[in-house]
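Structures given as structure tokens follow.
Next come two complexes built around chain A: one with chain B, the other with chain C.
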Partner chain A sequence: MGELRAYAALFGGRLRSATAYRTSFAVELLTNAAGTLVDVVSVFVLYRAAAYVGGFTLDEALLMTGITAFAFVLADLTVGNIDQLETYVRTGRLDAVLVRPLAVLPQLVLADLPLRKLMRLAVGLSVLALALARNDVDWTWARVLLLVTAPISGAVFFGAIFVLSAASAFWWVDSGKLGHGFTYGGRDFTSYPITVYGSWFRTLFAYGLGFGFVSYQPALTLLGRADPLGLPGWTGFLSPLVALVAVAIAAVVWRLGVRHYRSTGS
Partner chain B sequence: MIEMRELRKNFSVRVKAGRLRRQKREVAAVDGVSLSIARGEMVGYIGPNGAGKSTTLKMLTGVLTPTSGEVSVCGLRPVPQRTRLALRIGVVFGQRSQLWWDLPLRESFRLLRHVYRVPATEHAARLRRCEELLDLRAFLDTPVRQLSLGQRMRGELTAALLHGPEVLFLDEPTIGLDVVSKQAVRSFLGELGRTGDVTLVLTTHDLADIERLCHRLVVIDHGHVVHDGTIEQLHTRYGSRRRVVADLDVPLPPGFTLPGATLTSTEADGHRVTFTLESIAAGAAVAALVTAAQVRDLSVVEPEIEDVVARLYTDVSGAP
Partner chain C sequence: MNAIGASVPPISPRRPVSASIATFCALIGSGFRRYATYRQATVAGTFTNIVFGFLRCYVLLAVAAGAAGNAPGGYDARQLATFVWVGQGLLNVVGLWGWVDLADRIRTGDIVADLVRPISPVTAYLAADLGRAAHAMLTRVGPPLLVGALFFPLATPTRWQTVPLFAVSVVLAVIGAFACRYLVNATAYWLDDARGPLVFWTLGSGVLAGLYFPLRLLPDWLAVTLWVATPLPGLLQTPLDVLIERDGPALQAGLVGLQAVWAVVMLALAHWVQRRAERRLVVQGG
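Moving on, here comes the complex of A and B:
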């Protein structure tokens, strides 16, 4: 309980620090709003350009985009800050984090306050709601459950990817861009039906790394469509399991990384 | 309180070997250090840049994982039991802040109370004591980023002590401070040490810190402990000598000798001479000098720890 209070205090401290720079906060909020707008527009531009995407109607594909958008934003909002780790490692500031009686990961996550990302959450939710409205889903209890678990599992999965890609900084200090390949790249990959990708690439990302279970398989199950790639319908329910595996791997790699931290001189 | 046995930390460095090839090489930053520090001891840990001081401290505080060897602090193993240990130690890294950059000092202290789960009354009592001894009141409400280095360091010290740690690790606490702030920090640490319930390990380049504070001096170079003992033992071991400096009305006659001492320098056209005493007592040397020459002014200079340590560093570095 004491630890929770400690984390709450850290969060409160960050909140008060943010108010020390009101202008920069406002500017960040604006640029984020602009970025969000670009995200939304790009989705609609793409879906206007073609009638079918990888053998799916636009509305069907939009459901995958929606699940991904919501899941990704949720992860970004909660643990996205972890990409700051690179700076902490490079400057040796992680030393100060390590001498506190709290876990490293939550301290870093709470070191920034991504209120500015809240707007993206709203956009993600709207895309998902719009997709649901435009598809004729045959609602059963199983599908309602899936609608709840899929975005949450997706968020957990993306969270693990965020942690994994950030943790690479423990080994390669300038790994930031490499990490983005998996986080933002993963979001882009799962925004569309995986049938649009080349086969070896798809096999690697969708099945090897698990991205196919974030939105593609759950969306198929929600829509009641057979998988053109041949996986059975129940695979739509696999996303919590895939997310758990990703979390377990991320936890192990994170711990190894913290042990591998080498600090800086002095 | 602190035990290290054959503690070692290797870093792998990539060295350029040819145009594109890089070779990986293991470098030992700390190379088999064994030390034992008892409760209440105040230990100065010194060595030239890159000797392994900070690396040792980081292994003691759970920041770095040792390559091999054993280490325990407060009966805990620093890396696996890092968070439990953190509650019982205080750490001041001169170059890394524990404080919230954008918040007033007072606010940082308040947050730390929650981070360390300290009962409010204990926290208030300790803060009051620090406020008094470190003279914090004038800038308690100033954001940390606006504090001077000296003020910030006093804040860091307070931050490290508010949870009542059993061991305090200080990595160059006086680095970059002006004379007054150094004085304030030293006398505060001295006060802290006198109570005897805090064990203090201090790395520094300023040997005056050590002379003022630490009874025990550990010198490390190239990852090895090269001296462990009191400052007096260091002087004896390295044959530090007292010197007699005399200002003369008339320069000494050529060929003058003082038995048991050597003339080590002559300045101001022979009007100032320095003798280094080897086998003669200071009193006898002074008496002999006064009878032999017209002495205007005279002083006996104690050996300086700086000189000893400088000699120690070159000695060790010179050896293979």
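Moving on, here comes the complex of A and C:
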């Protein structure tokens, strides 16, 4: 209980500091919601020029965008601010986090729980709902289950990617932008049918790093469409497994990183 | 109180012009050197630019493959690839994001050190930003362009005036983007904290400058409105359109002219806002 109270105190402090500048906070809240919207608008704009992109219609692609939007927003809201680790390592502020009798990762996550991103969750969910409304899904129990597990597994997967890319700062201080290639890059990758990408690039991101199982394979299973790239239908259900593997790798790398940390020496 | 002003005395009363130029150039040099020390960040940023280059390029090429005449928005596949890969490098030269120095200095009160210097903050930061842009031009444009050229067929300019026009357009884009960022940061004079406006800028500038998709894919009325009524297409879309020769020679030059008008307007606005802010500024800190 004592630990929970400590986390609550940390969180409360951050909440007060975030809302101290009201106008700025309000603008941030609205802009964040618009941010997720823009990703979806981009999909609409691109489909204005072509009826089929990578062999998929707008509605089909929207289902992938929707699963990704919701999964990414959930991960970004809960662990996304771990990308602040770079600043903690560079300034040596991580020392203060390490000497407290609390786990490092939850402290950092709660240290700046980005409430400004709360509105995004609503947007992410609406995109998914819109996509479902525009597609004629033949509902079975398996598909209902998939609809629940796919976005949540996706969120866990993105969360692991967030932690992994932030942890690179333990070895390489100015690495912030490097991680963006996999976090935001991963989001962009999974927002479109993976058939649009060139073969080696697709193999690397979709199967090597696992991004193909976040939204593409689950969306195919929901739509009842055969994969033009040849994977069987049951691969749509693989996302929880892929997410677990990613979490395991992230946990190991994070621990190695914390042990590797040697402060700034100043 | 009425006697207090924030006017700036000339740097050297005896040789004001050459001294001002020397100061301006020294500040450009300092901006260049500052960014030259962020070597890890340069490498990490370049890697990410390349990843996004692949992502955007493949998506746009897939759109082109499905579009009528294989030319969405009037671009062929080569032009689209060039648009993406040069854009990934140019994005850093223009410096759309990541500049929060001024907002931080206003919030902490450090801005007072800028105000006592014998050079206007707008001019001083512009000089430092030109140095930053020069560094980015040398380090950040080449690698994505090279990778792009290795993996995709790119368009090469056919008109003699394209390259000089592109160079002018890039300089105007840097100045325009600097003025916009300065204005966004300057909201901290009134709000104390500019995080909200900065996030708003990051989002708005990315979409409306043509980073997410070429603005020509939008309905014509919307694209024209953006070009005429906002400085944003001038930050990225215009230099790229000039380079890949999207339009005929007259419109190509006309777009750069429009960009110049907007750069001047935004810079003047930044100066005006700075003067207004100085009159009401209460320095933070203790």
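Following the convention adopted for this analysis, the second predicted complex is superposed on the first by the 252 of 266 C-alpha atoms of A that agree within 3 Å, B and C clash if a C-alpha of one lies under 4 Å from a C-alpha of the other, contacts with A are read in each partner's own complex, and residues count from 1 in each chain.
By our rule, a residue touches a chain if its C-beta (ideal position, glycine included) is under 8 Å from a C-beta of that chain, and two chains touch if they have at least 3 such contacts.
Since the model is a prediction, treat every value here as computed from it, not as a measurement.
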{"item": "Which superposed partner A:Tyr21 touches (first chain B, second chain C, both, neither)", "value": "both"}
{"item": "Which superposed partner A:Asp95 touches (first chain B, second chain C, both, neither)", "value": "first"}
{"item": "Touched chain A residues, chain B compared with chain C", "value": "C"}
{"item": "Contacts of A:Arg262 with chain B and chain C, given as first, second, both or neither", "value": "first"}
{"item": "Chain B versus chain C as contact partner of A:Val148, first or second or both or neither", "value": "neither"}
{"item": "Which of chain B and chain C A:Leu4 touches, first, second, both or neither", "value": "neither"}
{"item": "First (chain B), second (chain C), both or neither touched by A:Asp188", "value": "second"}
{"item": "Which of chain B and chain C A:Gly13 touches, first, second, both or neither", "value": "first"}
{"item": "Which superposed partner A:Ala34 touches (first chain B, second chain C, both, neither)", "value": "second"}
{"item": "On chain A, positions contacted by chain B and by chain C", "value": "20-21"}
{"item": "Residues of chain C defined as touching chain A within the complex", "value": "38, 40-41, 44-45, 47-48, 51-52, 54-56, 58-68, 72-73, 151, 191-197, 199-200, 203, 206-207, 212-213, 217-218"}
{"item": "Of all residues in chain B, those that touch chain A in their complex", "value": "11, 50, 54-55, 58, 61-65, 79, 82-84, 86-87, 89, 91, 93-98, 100-103, 107-108, 110-111, 114-117, 143, 171-172"}
{"item": "Residue ranges of chain A in contact with chain B within the complex", "value": "2-3, 5-6, 8-10, 12-13, 16-17, 20-21, 92-96, 98-103, 259-263, 265-266"}
{"item": "Chain A to chain C touching residues, read off their complex", "value": "20-21, 23-28, 31-32, 34-35, 38, 41-42, 45-54, 116, 172-178, 180-182, 185, 188-189, 192, 195-198, 201"}
